[in-house]
Structure formats: C-alpha cells, structure tokens
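These notes open a run of structures that come right after.
You will see two complexes here that share chain A, one where it goes with chain B and one where it goes with chain C.
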Partner chain A sequence: MKLLAIKRFFRKIKRIMIILGIAMRSRLMYRLTHRFSFFLTVVGIFLQMAITVVFFKAIYGFTVQISGWQYHEALIVVASYMIIEGFMWATVGYLNGVSEAIFEGKLDQFLVKPIDAQFLASVNRADPEDWARVVTALYLLFQVVPMLHLTLLQAFINGALYLVLLFAGFSIIYSFALIIRSIGFWTTDAFGIWALIDNTLTAARFPTDIFSNKAVRIFFSTIVPLTFLATVPAKVLIHGLNFQLIISAILVALVFFLLSRKFWLFGLSRYTSSSS
Partner chain B sequence: MKKYLLIITDEFQRHLAYRANITAYSIGHIIDVSAQVIIWSVIFSQVSIIKGYTLTEMMTYVVFGWFFQHASSNYNFEERVARDIERGTLSSLLIKPISYLRYITACAIGRVGFAFATVWGIAVILLLLMHDRLIFNFNPIILLIILIMVVIGFFIKLLFSLIIGLFAIWVVEISGTYFSLNIIAKFLSGAMFPIALLPSFFINLTLLFPFAYTLFVPLQLYLGKISIYQGVIGVGVELVWLIILYGIVKLIWHFGLKKYESVGI
Partner chain C sequence: MKKYWLIFSNTVQTSAQYRVSLVSSIIGEGMSLVVLAYLWYSIYQQGNKIGTYSLSALVIYYAITRAIGLIIYSGDIGRTVGRSIELGSFSAFLLQPINFMFRHFAATLATASYRIIIFSAVGLLPIIYYWHFIIARLDKIILSLLLIFLGFVIYFLMFYSVGLAAFFIGSSMGPGLFLYSVYNVFSGRLIPIDLLPGYVKTIADWLPFKYSLFSPLALWQQAQPLSFFLHEALFALVWIGVLLLVSKLLYYRGLKSYEAFGN
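After this line comes the complex of A and B, so read on.
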C-alpha cells in the first residue's frame, strides 16, 4: 500500500516535470519569435547585474565592511538573490500569469484541466530570457567564492547546504508572491501589488544584518522573511554548517508554502471569472 | 483642449477605481524608501562623508529623489503605445478627431497627476518621520528651477517612452527594448544611487544625456552643490533635449503611420 502511494507520488512529480518542461519550451519558442527583444532583455539583465556590482564597489570604496560583511561576502548575497530571482522569473514569471489570469478571467482555462490550477497558472508565463540572470549570478558567485579560501571538503559541504537553502529561499519567495498575487481574487486588478512585492524584495539584495533594529529584524524573519532568501544561504556558504539557520529556513519555507496554498484555495473560492 | 482635459480626468478616475493598487503602491514605496534609508544609515555609521555627501544630504537625496522620480515618471507608457499598435486599437483612435500623440500625453498627465496625489500622502508621512534628518531648502528661485526641471523631465521621459513604444510599428515586441533602456535611463538619472559616487569622467558623460537633469541635477541644486546659474544651464540642456526628442517622435510618427498595418482589428 505504502509502495503504491510512493509510486503514485513519483508519477505525479514526473508528470509535473514533463508539463513544466513543455510550458518552458513553449514560452521559449514564443519569446524567440521576437529575437531582438529577447536579446535586449538579456543585455538588460547583464546591465542590471553590472550596475549592482558597481554600486557595491562604490560603497565598499569607503568602508571595509558593512555590518560585518566584507565586499566579496556581500557579493555572495547579491549573487544568491539573483539566482533565486532568476529562477522566479525563468520558471514561474514571478507569478505575473496569476495576476493576468485573474484580471482577464483566463483562470477558467486552467481550472477545467486535469492538473492543479495553481501549478498551471504559475508556469504559464515563464520568462526564459531570465536564465541569463541565473547564469550571470553563477558567474559572479564563481568569481567570489575562491576568495573565501574554503577547503575542497568545506566547499562541497557548504555548497550542498547552500543549494538546499537556495531552494528554501525560492520556495519562500514563491509562496510570498502567491499570497500577494492571490489578493487579486478580491481586488481584480492586482498589478499595483507587483510594486509591493518588488519594493519589498529589493531589501533582500543586501545582507539583512544591516537591519539592526530588533523589530525590523523580526519583521524580515517572520512576516516577510527576506533573511532566508539570500542572507542565510550566503552565511552558510561562507561560514559552514549552522543547524539553527538551516532548520529555521526549511521550517519557514514549509510554513509559507502551506500558508500560500491555503490562501490560494481560499481566494479561488472567491473567483468570479470576470471578463472571461 | 476640453477633450484632452476630459481624457486627463478620465485617466485619473480610472486609477481611482483600483484602490487596493494605491494602497499596495504606497506601502511598497514606504518600504523601498525605508530600506534605502536604513542601508545608507548603516554605511554612514562607519564614515562621515562619502564623495562630499553627509548622512543628512544622502537622506535628503533618497527621500526627495524618490519624490522627483515619481513626480516625473512615464509609468510604462511605451507598453501602452506598443499595445495599441500590436492589438490594432490605434486604428480606432486614429479615426477620432483627436491627435494620438496628444491623447497619450493627456493620459500620461492624468496618470502622473494621480501618482503625484498619492505620492504626496506618502511624502508627508516620510517628512514627518524624518524631518530632523533632512535638509529643507526654501529658496523660491531654486524651488522654481527644480519645478521646471521636474516638469520638463516628465515630458522628456514621456517622449522617450513614445519613441520606444512607436518602434512597435516595426518590431511589434518592444519589452526587451524598454526593459534595457529603462535600466540605463534609471541609472543615468541617479535614481539607483547618486552618480556622484562614480568617477568624474562618468559623471561628465551622464551630463550629456537628458536623464541626469530629471533627478540628479535638481537634487544637486536643492542640496546647494551646484549654483543657480548651473541649474539654469541644466534647464537649457533639458529644453534642447526636449526639442530633439520631440523632433524624433514626430519623425517616427510620420514614417510609422505609413508602415502601420492595423493588425488585430
């Protein structure tokens, strides 16, 4: 019985992965119909990263460390954030598709399909050009990690934990975005809400240790858990195993994921299919 | 003129319909400015002056810079123009007794008017919270020059949007173009961080483009880092750019209409 359940679970995962692959391939084909625009977006992404690095270089020209973070360590936070951000755009388009589907009443087409509507609404607007974000972030990461002077074993262990924490960070940011986007079930036009997500997440590009105020720290660890997006993975990559941080990150990711799912289903029950 | 006033009012009211958006934008702005204030406060806890900026000057740059930025923003009108072309809705506007370019300008004025009204509310909150950490300059001449710069800056950004948007007549999809160009424009304007932090040759280079005059230069004037005379020259440079961009828009519109295929109707 147990074996059957496990088999069914893996079959479901396989199905999801196949659909994800198809959705991403079709989005890539769609985006490549306008190659010039695709190319310019990639250029824009490179520029964005270059400007961020220039900014950090400029401010670190006046100080050796900021809240205990040296230049190369702060760049690891930047790279970590960019990897998560890149995955968010490249796989689920920062859930722009969810807002669009609610606003234009397109959610109906996902609801009638025999696959989870949240999943379909999430992956239907992936932006494949944002893989450039992941690639540039990885390039940046490979430039600064050697400055940490880790042994091969440390690099392996810290790197593995770092990947787990990045996944937790992705899960948190996805859940947070889903909760915010689901508000659209009540407000219909939720595009302004994007500004809220974007502006809030801007702060995650910096090590959250700079927020010395206790109330702000609690806010960024629980209500809007920015700390776990890039700072915690970067800390583990730099300093190694820290059970408290790792368990907290995984727990926060789980709680947020379950919360967002509940909120999505609650919102869905209020869906009016306007303008469909 | 009356019909354009109606378009401005209509655009203003359209945005009022989505109050949740206003709330979200407002909270987002407060978080954005607060995060920048905290970041700069931490940096300034270790140094007293960065490239001639004190903590108070930097706080003023962040808060007033944010205000200028939103008071002169183009609010992605390039996307709207491109959508009109891509979906063929431009055709229905062309047959009406209005000028499309003026119609878009009226919409943009309505949009920025709405944003301005919202931003004022947040600005008051920020000023109350941070009044002891900001510099207040009440020199009427300086304030007048800044006002002129911000207004011209708004039209420069709008014309820039129109140029990008009208390119949709030839290339259809312009999201990549405006994404990249907006990053450059934002960077050159000093909205991401003061361009004074960069090497001097770079500052001189940015002063050749119109974007620095929409944010960085007015703020330098406000902070007393440049003279009134230099501010007036800044207005002059802005006006030259305004004329150049207007000419480009007219040229693109002239040739674009010949190419326009009215697809989608």
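After this line comes the complex of A and C, so read on.
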C-alpha cells in the first residue's frame, strides 16, 4: 500500500516535470520569434546583474565591511538572491501569468484542465531569457567561494546545505509572490501589485544584518521573510552548519507555502470569469 | 487639442479607478527606501564619510528620487507602445485623426498628474512641517521642478522611441530592459552620480539620463548657482530636440515596414 502511494507520488512529480518542460519549451519558442529582442533582453539582464555588482563595489569603496559582512561575503548574498530570482523568472515568470489571467478573466482555461490550476497558472509565463541571471550568479559564486578558503569536505557539506536553503528561499519567494498576486482576485488590477513584490523582495540582495533595529529584523524574518531568501543560505555557505537557521528557514518555507495555497484557494472562490 | 484633453481626462479617471497600482508602488518604494536607509546607516555608523553627503542628505536624496521616479515612470510607455505594435492594435490608430505620439504623451502626462495630486495630499504634512525651509529655497525648488519636467519629457521620448523599436525587431522588451538598466546608473537612481568614479560622471554628463533625477536634486540640495540650471536646462532641451527627431524618424520608417492582419 505504502509502495503504491510512493509510486503515485513519483508519477505525479514526473507529470509535473513534463508539463513544466513543455511550458518552458513553448515559452522559449515564443520568445525566439523575435531573436534580436531576445538577445537584447539577455544582454540587458547581464547588464542589470553587472550593475548590482558595481553598486556593491561603489558602496564598499567607502567601507571595508557592512554589519560584519566583507565585500566577497556580501557578493555571496547577491549571487544567492540572483539565483532565486533567476529561477522565479525562468520557471514561473514571477507569477505574471497569474495576474494576467485574473485581470483578463482567463483563468478558466486552467481551471477546466485535469491539472492543478495554481501550477498551470504559475508555469504558463516562464521567461527563458532569465536563465542569464542564474548563469551570472553561478559565475559570481565560482569567483567568490574560493576566497572563503573552505576544505573539500566543508565545501561539500556547506554546498549541499546551501542548495537546500536556496530551495527553501525559492519556496518562500514563490509563496510570498502568490499571496500578493492573489490579492488581484479582489482588486482586479493585479499588475500594479508587481511594484510591491519587486521593490520588497529586491531588498533581499543586502545582508539583512544591516537592520539594527530588533523590530525591523523580526518584521523581515517573519512577515516579509527576506532574511531566509539570501542571507541565511549565504551564512551557511560561509560559516557552515547552523541548525537553528536551517530549521527556521525550512519551517518558514513550509508555513508560507501552506498559507499561500490556502490564500490562493480562498481567492479562487471569489474569482469571476470574463471569458466565454 | 480637445481630443488630447479627452484622452488626458479619461486616463486620469482610469488611474483613479485602478488605485491599487499606485498604493502598491508607494508601499514598495517605501520599503526599498527603508532598506537603503538602513544600509547607509550601517556604513555611516562606522564613522565613514560619503562624499559631501551626510546620512540625512543621502536619505532625503533617495526619498525624493523615489517620489520623482513614481511620477516619471508611471506610464510604462515603452511597453505600451511596443505591445500595440507587436500585437497589431496599432492599426486602430492609423484610422484615427490623431497623432500617435501626442496621444501617448497626453496619457502619460495624465497618469503623472494623477500621481502628483495624490503625492501632494500625502506630502501635505511634511510640506507644512518644512515650510520655512521650502520658502528659504523656493527659487531653487521651482527651478528643480522645471528641470524635472524636462527630465520627464526626455524619459517619455526615450522610452517612446524604444517602444517604436518593435516596428523593426518585433518586440520592445529587450531594448527597454537594456535602456532601463543604463538609466538606473546614469540618472543617479542607484547612487548619486557624484559618488561614482569620475569617468562615470563624465559619461553621465554626455547622456540624457541625469536630467530627471540627479540634476534637479543637485540644484537645490547642493545649492547650485543659476548658471548650473541654465547649463542643465540647455542640454536637456538639446536632448529633447534630438530625441524628437529620432522618434519621428523611427515612426515614419517603422510605418513603412509595419504589417498587421485582422480587424
């Protein structure tokens, strides 16, 4: 019985992966219809990433460390955020598809299919050009991590934990974005909400230790959990195992994921279609 | 003129209808301002000196650039124009006795005006509180507002031209993102230009980006003389002329290559 349940679970995962692959492939084909624009978008993304690094270089021109973070350590936070952000764009298009479907009343096309509507609405607007963010971030990581002088074993353990925490960070950012996007079920103007998500979450590029005020630090660890997006993974990569941080990150990710699911379903019950 | 006034008033009404966009933008920019303030605070706390800026001057700089940004970027003009060409809805304009650029300028100006009205209401309390300071620098503030308007026109023309790029490459997304990235650095949005290396400042002086954010703020924050305003305004006007020519050229060339089907 248990074996059957496990098999069913893996079959479901396989199905999800296949659909995700198809969605990403069709988006890539769509984007490549305008090749030069696609090329310019990729260049623009590389430029954006480079500007972020230049910004940090400019800041560190005035100081040697910020709240205990040296330049190369802060770049790990930047790279971690870039990876999560890159995955958010490249796999679910930062949930732009959700806002679009709500605004245009086209969510029906997902609701009538025999696959979870949240999943379909999430993956239908993937932006393949944003893999450039992940590539840039990985390049940055490979440049900076050797400066940490980790042993091979340390690098392996810290690296594995880092990946787990990045996944938790991705889950948090996805859930947070879904909650905000779901507000569109009431306001309709879900596109404008993008500014709120973008401005809030990009703050995760900075080490959250800069928040010297305790109340602000609690706010950015619980209500808007920026701390767990990039700072915690970077801390674990640099300093190694920290049970408290790892368990907190996984718990926050789980809570946010369940909360966002509940909120999505609640919002969906208020959805009114405008298509045929 | 009456038709553009109609577009203007309709867009103000639409902006008032979709208020969430503005509210979320204000909260988002506010959040980003808090983070930047903490970042610079942690640097100043170590006794570091950042150019000629004190911590409060830098926070005010970021607060005002964010507020100006919310007004100037309100129309998302590049995307709107680009999408109308990409999806073919541009065809409808061809049949109307209306200037395509003026139509979009009226709409962008309307969104900006609506935002100015809201900000004036929100900013009434700080205005009353800093009344003496405002009166003392009223001449500089008025000149700064003039520069901001010129910067607004430059921003509109740049991104309008980017939108027109869709005539040639099918989509305006790539050039739009590219231009916005460059704009962030050379307008002083990311960090005041005078805090960046000297060569960046030299490049910024030859580009049209700094007139919307850095120059107006430098005028009153650094108490620059009238000659500074005249110099910046003159260069801004030259850029407006150049960008007008470029946009006209792109429009008429693009019109020849434009093709669409459907109604």
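Odds and ends about this structure:
Keep in mind that, in the parts below, the second predicted complex is superposed on the first by the 274 of 276 C-alpha atoms of A that agree within 3 Å, B and C clash if a C-alpha of one lies under 4 Å from a C-alpha of the other, contacts with A are read in each partner's own complex, and residues count from 1 in each chain.
Methods note: a contact is a pair of C-beta atoms (placed from the backbone, for glycine too) under 8 Å apart; a residue touches a chain by one contact, two chains touch by 3 or more.
It should be emphasised that the depicted structure is a prediction, and the values quoted were computed from it without experimental measurement.
Superposition note: with chain A as the common reference, chain B and chain C are in steric clash.
Of the two partner chains, both chain B and chain C are touched by A:66. Look at A:51: by the touch rule set out above, it reaches both chain B and chain C. Of the two partner chains placed by the overlay, chain B and chain C both lie in contact with A:210. In the superposition on chain A, no contact is made by A:26 with either chain B or chain C.
By the touch criterion defined above, A:222 reaches neither chain B nor chain C.
Touch criterion met: A:43 reaches chain B and chain C at once. When the two structures are aligned on the shared chain, A:272 is found in touch with neither chain B nor chain C. Comparing the two complexes, residues 33-34, 36-44, 47-48, 51, 54-55, 58-59, 62-63, 66-67, 183, 187-189, 191-193, 195-200, 202-203, 206, 210-213, 216 of chain A contact chain B in one case and chain C in the other.
Those residues of chain B that touch chain A in the complex are listed here as 18, 20-22, 24-25, 27-29, 31-32, 35, 38-39, 42-43, 46-47, 50, 171-177, 179-180, 183-184, 187, 192-193, 197-198.
Listed in rising order, the residues of chain A touching chain C in the complex are 33-34, 36-45, 47-48, 51, 54-55, 58-59, 62-63, 65-67, 183, 187-189, 191-200, 202-203, 206, 210-213, 216, 224.
Looking at the complex, you find that chain A touches chain B at residues 33-34, 36-44, 47-48, 51, 54-55, 58-59, 62-63, 66-67, 129, 183, 186-193, 195-200, 202-203, 206, 210-213, 216.
Contact residues of chain C toward chain A in the complex are 18-25, 27-29, 31-32, 34-35, 38-39, 41-43, 45-46, 48-50, 169-178, 180-182, 184-185, 190-191, 195-196.
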